[in-house]
Amino acid sequence: MSNTAEAIDGSALVGRAGGPARPARRPRPTQPLIGIILPAIIIALWQVAASLAWIDRVFLPAPLTVVTAFWKMLTKQNLALDFLASVKIVGQAFLYGSIAAVGLGIAAGLSRKVEQFFGPTFDTIRHIPGIAWLPLIVLWLGIGAPAKVLVIAKSVFFPVFLNTLQGIRNVEKNYIELASVLTLTRWQLVRKVVLPAAVPSIMVSLRYAAGLAWALVVVAEGLSGLEGLGFLIFRAQGLLLTDQLVVCMVIIGLVGFAIDRSMYLLQRRVLRWKQGYDG
Amino acid sequence: MSNTAEAIDGSALVGRAGGPARPARRPRPTQPLIGIILPAIIIALWQVAASLAWIDRVFLPAPLTVVTAFWKMLTKQNLALDFLASVKIVGQAFLYGSIAAVGLGIAAGLSRKVEQFFGPTFDTIRHIPGIAWLPLIVLWLGIGAPAKVLVIAKSVFFPVFLNTLQGIRNVEKNYIELASVLTLTRWQLVRKVVLPAAVPSIMVSLRYAAGLAWALVVVAEGLSGLEGLGFLIFRAQGLLLTDQLVVCMVIIGLVGFAIDRSMYLLQRRVLRWKQGYDG
Amino acid sequence: GTGAAGAAEALPAINLQLTPWTVIAREKGFFKQEFDRIGTTQINLIASGAAELLGAEAAAVKGGAIAIAQRMIYPATVHRANGLDGEIIWVSEPSNRYRAPILARADNDNIKTIADLDGKKFGSSRISCYWSSPFEIAQKAGLPLDSREKQGRIRYTSIDNVAVAISSVLSGATDATTVHLAAGAAATGAWLSGKLKVVGRSPDDGVYVNNAGRVTYFARRDFVDKYPEVVKAFLAAREQTRAWTFDHVDEAAEIVARETRVPVEVAKFQITHAGEWEFMAGEPNAERARNAIKTFQAWYIENGDDILAERKLTDAQIDAFVDERFFVGGQYSIYN
Amino acid sequence: MATPGHLEVRNVSKTYAVAGRPPVRVLSRVSLDVQPGAFVSLVGPSGCGKSTLLRLIIGLDREHGGDILIGGQPIEGPALSRGIVFQDHRLLPWLTLEDNIALALENARWAAADKAAAVRDHIALVGLAGFEKAYPHQLSGGMAQRAAIARGIVGRPEILLLDEPLGALDALTRVRLQAELQRIWRLERITMILVTHDVDEAIYLSDQVVVLAGSPGRVATEIEIGLPRPRDRASVEFVALKQRILAAMGEDAAQRPAA
Amino acid sequence: MATPGHLEVRNVSKTYAVAGRPPVRVLSRVSLDVQPGAFVSLVGPSGCGKSTLLRLIIGLDREHGGDILIGGQPIEGPALSRGIVFQDHRLLPWLTLEDNIALALENARWAAADKAAAVRDHIALVGLAGFEKAYPHQLSGGMAQRAAIARGIVGRPEILLLDEPLGALDALTRVRLQAELQRIWRLERITMILVTHDVDEAIYLSDQVVVLAGSPGRVATEIEIGLPRPRDRASVEFVALKQRILAAMGEDAAQRPAA
């Protein structure tokens, strides 16, 4: 019975779907075509809406107008400088906010004492709208870059802190017991056990927080200054320069997307060991 | 050798630290004293700062002034109505936003196709500042409750969506294989395997998003209306009614804290099975 | 005033708001001319944010990030009522009917005059001129706005964000709003786009035009007491800039466009339109300025303003609030 | 040839890629022929590919060379008619013992009462009565393994794959569960494929013992166990078969270093 | 009495609370006395508390009645001088095989080169050479278990607790590793406490076999194995001891239903 198949086995191993030439886990293309469908539909709808004047151009200019506006802003209005100004603020704030959050998150995760010390205060503060803090922040930090960085960093802090903490709480007790049996120090425990296990949770919050930082650049730059994408958005809204508004939205969206994907790729590299659910 | 101890064994079992009378896992007090230290320090500092006029009272009124203002707002200015108005908006937005996020998060978690379909679009949109969308939202939804709800729900959506998705991706492949061997349907897979495993991750994002919803009530109520805590905050902020501002901050903070703790308790109940790291 | 001691110490550097007139003053040397004399060599122009967060800006004044700030008379008064230790060193002449009109969508044929707003929706910020001006217009027309407590004839809702208020009118979510057409970038674009029309104007003899609609300059009291010469130099520079600007509108518009990053047509509109804010003449008479505050405070209280009702400034406080040293006959007056 | 339930494994090969090393061939042209209702044991050295083969048969991994047919049809992924007890117990930590076992009946078309009764009976069968509400972390290693066995058999699959199901049990419990397995096998005519390291157990239970050799995994010998049941572990024939199987395993081990 | 390394377990009791049931007493007045360098095996039915006892001795769980002393001192939690091989392999999924084993040397005061060499040698010792860079999910059940053994012994603790370390291994690999364990034990004079279900293994390796009985866990008998080493598994004395131990375990089982 089993002999009948023997003749074709040699070729089978090379030629067919199940052949061993295939690696066990197919490397997925990171940016597959299917992801383009929705954006394409949106852009198509946008074009149609503009062409047929479904939506007043005051609210939504045609795509081509936006491209022209982009070109003009880039060549004539120093868009690159605004962009850099915002990147600088956002980058700093993201860095400080997330470093503080991961650090404190680990501390709180490792010691329930620390969690209990900060927990109630943080859980109270983080619900309070950012705008309510502005007068105090300005009073202490003025209206320069530090104030802007603080406004954004505060918002970056909380999701990362909470996810780090929860990521650590989710580390299987078994592994903590192992670490304790091997008498790992706190620092070794963090490096070898807790952090690797919490990485997925931390990474998702970092990806999210990066988006948040961009979203808050408008609030921060509304505080002061005449440059940055946030300023441009405010100005565009006030002057009803909707084409410029959309340019800023698209830029922020695409930059955010690029950041997001690079963090995602990083995550995949870091999590090579992970046998999660691939969907 | 082992006999010497026999006499004390009986009492040992009852009296000493290691006795079996103690349950294996001590129920921890949910709100321990240590958590009060930091708030107490803050309030003390606040009082001192006010008494010694370190900070101008225009920017930081004394605690007592705030309490008086609270009483006055409550009895004379219908604070309760403002509060209810905000709770209604925030509650609805949180509900819709998080239901949509958990639903879509599960769909995207279960099927990489779905994730790839929505992923790039979501990852682009979520970076774009909410304020930039306001004109379009007004165009489509007007300035009534639906628009306010949408503004908040959009912000609630993303952290919950991302954490749900990641929570599902983190479910151990072993368990998915088991489900597949037991030929569980999609729905059974979700209910019995995927959701329970992803609950810690989803819960932390819900806790976070509840805070976010409150923080955004200012933006949302800035859209329209003459009531709500957001309106009060905006007005107080603009006119330097700092006592009223602090009243609103404290209310939101405390309500948020209460929400947070109830969700935390819920989480503990749901996760009875969990052998995580207790810190 | 106790300002005699002020001459003692020079102020080497000063932070001022970056506004259309200050950029002209810097560019054209009016600051240099005035400030050099008293030893203030460095003038920093700070762009207070596009978000116009008044509370944050007040904090900036308090914290020293901005020495002298422009402020509408109502928020300035409320800040004082709330205990901010500042004073007014300059008040504008009365406003006019062009500054805070009621606007509707240009192609909305249902609304042509204020009377057409009966039962319609009106959205604007509750904490500013955007409320007091339409309130007075509507009341005069016999169509009171809704308040928090009582329904009127026009459905009033507060919209804090100006862009949203205008979007609401353009999209039909509301029927009318009030904004300053030529103050800052906020509404100028919408007006220039031709999408809006004026359907109501403030009465010339009303409280808004004569009292509540004035602009002020506002500074910390200790700052003024210490550097009255600086304040005077500031006001003098402003006068010179004003005069020069009206003579050189096109050149001024270019400077403003470049320095405040707005299109040149917007800049020009902000200089030439009858509703402009930046280049208003001053009110030389301290007593008239005080009376303006007293009058509009009474009016606000009468019309249910909970804040001023509760924290009413006494006449003595108002008298002290307007620093007469900088008005006609004062020690540091530019009007003498 | 196409008897329903007839399992044919034909020239199955399997290769795994491990980062930093050349792909490893884990199974090489493995062929098996299991008649419906047969009891087949697989023995072989650690790492020779026994679990991998079971994964292929249950349908969790479709990427292999050769064919796996049931009733003449290639398998299309997992089905309720095939059950497996994994080498690790794989109980879901968030379900109690009884819920874990009930999970295997989720899609059985039985009355709810029958399901509940089946769960109860099987918990008792593996000696865990009283632990219905315990979570997996509250069970000992052997208890978890027994729970996994209960979950594997409660649904009465046509083919049951058992991956070292009794490895963590003491001798007495083990003998008792062997007897239970055999009883169920005889009563319900379930095809059973058992991976075990206990040669006694393999001989005692099986119609056929397949000895696998490692590197890469392949069939070394297939030995028919013709002994009448119940079998006497001390009988001469039994011991002789054991010697033969151990020899087949040992030979392979002896060859390996040379190869 | 206070010989360094002398392990005394005195009247140790342990109770677990399970929601919905009255607290269960898992260990009841268990006493053991293990001399430095001794090899003691624990045998007993599934769920009788063997793993629980090891957890107490290693210091992972301090909530118990009675005393556990080492060299006369009560234990204060885990220490590098005590090692354990858990019943589940407990390899960290994010570390490669070699990193997992190196983890046990993290705090050893050895030169880095010595550590690397020790890791390499122990991987080879358990027959996993070539899999240094493999992640745990790429190992078979038996391979993971062997890796756990390597991690347990690489640091040369004074007392090593082994919880069914050879359960998932085929007979040949098992015998080889038994020999290795014994060699290391002899060479390094490590005190070893082995939980096993294989009575042969217990007799072959131990100075003393402790038979535990269940519900609640307690010491049924302690049997000294006086046989000279190396032991002949087929010798009459060996077989007699095996009978005695099996009888002790069986008696208990026979009594249990009555109790």
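Note that the chains are named A, B, C, D and E in the order they appear, and that numbering of residues resets to 1 at the start of each chain.
Keep this in mind: contacts are C-beta pairs under 8 Å (C-beta built on N, C-alpha and C of every residue); 3 or more make two chains touch, one makes a residue touch a chain.
Just so you know, these numbers come straight off a predicted model, no measurement behind them.
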In terms of CA centroid distance, which chain is the most far removed from chain D?
C
Of all chain pairs, the one with the most contacts is A-B
Between chain D and chain B, distance of the C-alpha-averaged centres to the nearest whole Å:
47
Here the gap between chain A and chain D, centre to centre from mean Cα coordinates and rounded to Å, is 46
What whole-number Å value describes the gap between the mean CA coordinates of chain D and chain E?
27
At what distance in angstrom does the C-alpha mean of chain C lie from that of chain B?
41
Sequence positions of chain C contacting 2 or more other chains:
53, 55-56, 58-59, 62, 163, 167, 171
Using the touch rule from the top of the page, what residues of chain B touch 2 or more other chains?
56, 59, 131, 134-135, 139, 173-174, 234, 237, 240, 242, 245, 272, 274-275
For chain E, residue numbers touching 2 or more other chains are 16, 19, 88, 137
Chain B residues touching chain C in their complex are 56-59, 77-78, 131, 134-135, 138-139, 142-144, 222-227, 231, 234-242, 245
Residue numbers on chain D that touch chain E, as the complex places them
16, 18-21, 43-47, 50-52, 87-88, 127, 130-131, 133-134, 138-143, 146, 163-164, 167-174, 197, 199, 246, 249-250, 253
Contact set on chain E toward chain A in their complex
58, 60, 77-80, 82-84, 86, 88, 90, 92-95, 103-104, 106-107, 135, 137
Going by the contact rule at the top, pick out the chain C residues touching chain A in the complex.
18, 46-53, 55-60, 62-63, 65, 162-163, 166-167, 170-171, 184-190, 193, 195, 260-263, 266
Under the touch definition given earlier, write down the residues of chain A that touch chain E in their complex.
174-175, 177-178, 180-185, 188, 192-193, 196-197, 271-275
